[in-house]
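Some structures are shown below for you to check.
Next come two complexes built around chain A: one with chain B, the other with chain C.
On to the complex of A and B.
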């Protein structure tokens, strides 16, 4: 999977789950303030990403520090690359 | 202590006839049936009843996702019904947030669809990893009341009665008492139900679900009819906006009807079998509360679901207290048994009958059963002035309830 494909899958999965407008899904969008994703949504966001990419991330400390959509992109890209490297 | 008079200033409905009170009333006036064949029910082993009265597809998008995410269908129905009631009653967001408007809305159980979703994963994988954050908010027993309050920004009292078929009759009654005591100035009262095969199965297991009309769904249920064979489960939501008379007069809003009496009693004789004596006591108590004599009631909206025992017991109870003078009809033939919503939905129809001066007959009552012949059945639409009416609901668990309504004459 290329980084672009990863970003596209993240955006489409989150847009479908949270009824987001794709135009608003820019990397600098702040989850709470710009996309209105609160603490309950963040719980579901983890499930959506786990289902989309087939990995487990719920217990990862880094998840708690995510603020923007770009942070999610980078977190997932790093995670995928790490999994590919250790496969 | 001086009790306040309580009036109805708004109504909202989601029914098998679609969205809105107008859709409900228009279909009732046309004598239509909302009951349909549900072939999927035929795929369930042991389930003999394959009919239901389901709400047509409704777009819930007017409820923002933030609020909708914790709603199952029943909370969506209840919220949309509240939107309609608040709009008719011209109640603003400021009133909702002012602490004087409460919510009294219940359901038979929390969402069984949500429970099924939870247990599908839990039982197959023994993990909770796929359980979404809002599933519990759909399962909890006060899901409808809590979701309505969250979605509408309501800060007053919140109560969620749960007594199956008596739920929304009790909700209106408890709201009426709350306002009469001056504890709230407004209350959104009613109930909601979303269909799940488990509801039909509950009745079918005890041989009380209709199963002989699967190929003729519009001919069942058949309240009071000799060929009745049980309940047809349904879904929807009915909500009335109760308000103190002084508040309604001060605001200058249209007063639709007055709630003047309520009673609810426990019948500990049997969990499932109706008891005529208890039904009679319930209606008597409601009239005592209303300070009316039986002669002053001009219409009875029966609970009558089309079961053998229930319809007979209610007929006998009505006869003992009212004789054979008062016109009686049940609306279950049109909309099936909307369970927790039935009290409020049928109350709304009763109010329209009072206001319009017409009485809607029982659908599918072709041949009155000999055990039910002792009362005055409405067999055809009648024009009649109704000053006061009583609405009955009798539930599993021996929960009986009755509401008394009176026409409100504007000065």
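On to the complex of A and C.
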């Protein structure tokens, strides 16, 4: 899976779950202010990402520091690369 | 006279009548609501004792009953200009404890909760209604939940506590009023609480309050308002980490279907009744 494909899957999964406009799914979009994803939505967001990519991330500390959509992209890309390296 | 000319004349008369009715409504209903609110604030200590002593209710339960009565009187005040109907409460099996979810169209949605057949309802709402200082003490005493200020974990605990004490807990899952009448995105809070506590969830659909007070308008208009209770949803089949999300989607789909049906029925009825009555 390329980085572009990962980003595409993240954006489409979140857009579908949270009824977001794909035009708003830019890396600099701030989750709370621009996409209106509150703390409870973040819990759902983790479930959506786990279901989309088949990994478990809910216990990871880094999740708590995510602020923008770009942070999610980078987090998931790093996670997948790490999983591929250790496979 | 041709049919078109007749229709134009009828519609023109209808427009003038509606204008007069709208003016009369704004000259009477709003002042009546303000007076009723002032009166309630003034007599609330006596009303509190009059309800609490014979009923032996707690303070919070008593205040919720008073708020419900306040809403009931609002229905009476608005009745000359608002054709209100309530439906489905006989079949929905809404028994406490239960979670209620209501679509959100207008500031006045809350007032129509005076039409619920039960008074022990805790509203789980955003922070801004708590800023209406004339309501704030009552909302605090009734233990309404400020979900925006409390955050999710605290809301979950307070919600569990309220349900344990046999209350109804009402959420607006859209969080904000809809500006275009369409259902907006549903937030997960109510559904997560339902799944976490195994509490039935009763969807409530309201239509017409956006016509009563259109978004961005300061003027009320005569309207037909309907409040429909749908069958209670059992959360038990929605298990697993994403169970509440599945429940949320299912409930939203059912509500959207019912709201569309109610609007369709009202559109045909309103067209006939307002102009040819």
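Basically, the second predicted complex is superposed on the first by the 87 of 87 C-alpha atoms of A that agree within 3 Å, B and C clash if a C-alpha of one lies under 4 Å from a C-alpha of the other, contacts with A are read in each partner's own complex, and residues count from 1 in each chain.
FYI, contacts are C-beta pairs under 8 Å (C-beta built on N, C-alpha and C of every residue); 3 or more make two chains touch, one makes a residue touch a chain.
Computed from a predicted model, the values in this text were never measured in an experiment.
A.B. asks: So, does A:60 touch the first partner chain B, the second partner chain C, both, or neither?
C.D. replies: The answer is neither, since A:60 touches no partner chain.
A.B. asks: Where does A:33 make contact in the superposed view: on chain B (first), on chain C (second), on both, or on neither?
C.D. replies: neither
A.B. asks: Considering only touches as defined above, state whether A:18 meets chain B (first), chain C (second), both or neither.
C.D. replies: both
A.B. asks: For chain A, what residues appear in both contact lists, the one with chain B and the one with chain C?
C.D. replies: Common to the two interfaces on chain A: residues 18-19, 38, 40-41, 43-44, 47, 50-51.
A.B. asks: For the complex, which residues does chain B have touching chain A?
C.D. replies: Residues in contact with chain A: 65-66, 69, 129-130, 132-134.
A.B. asks: Which chain A residues qualify as touching chain C in the complex?
C.D. replies: 17-19, 38-41, 43-44, 47, 50-51
A.B. asks: What residues of chain C sit close enough to touch chain A in their complex?
C.D. replies: Within the complex, chain C contacts chain A at residues 151-152, 184-185, 187-189, 192, 241-242, 245.
A.B. asks: What residues of chain A sit close enough to touch chain B in their complex?
C.D. replies: Touch residues, chain A against chain B: 18-19, 36, 38, 40-41, 43-44, 47, 50-51, 56, 58.
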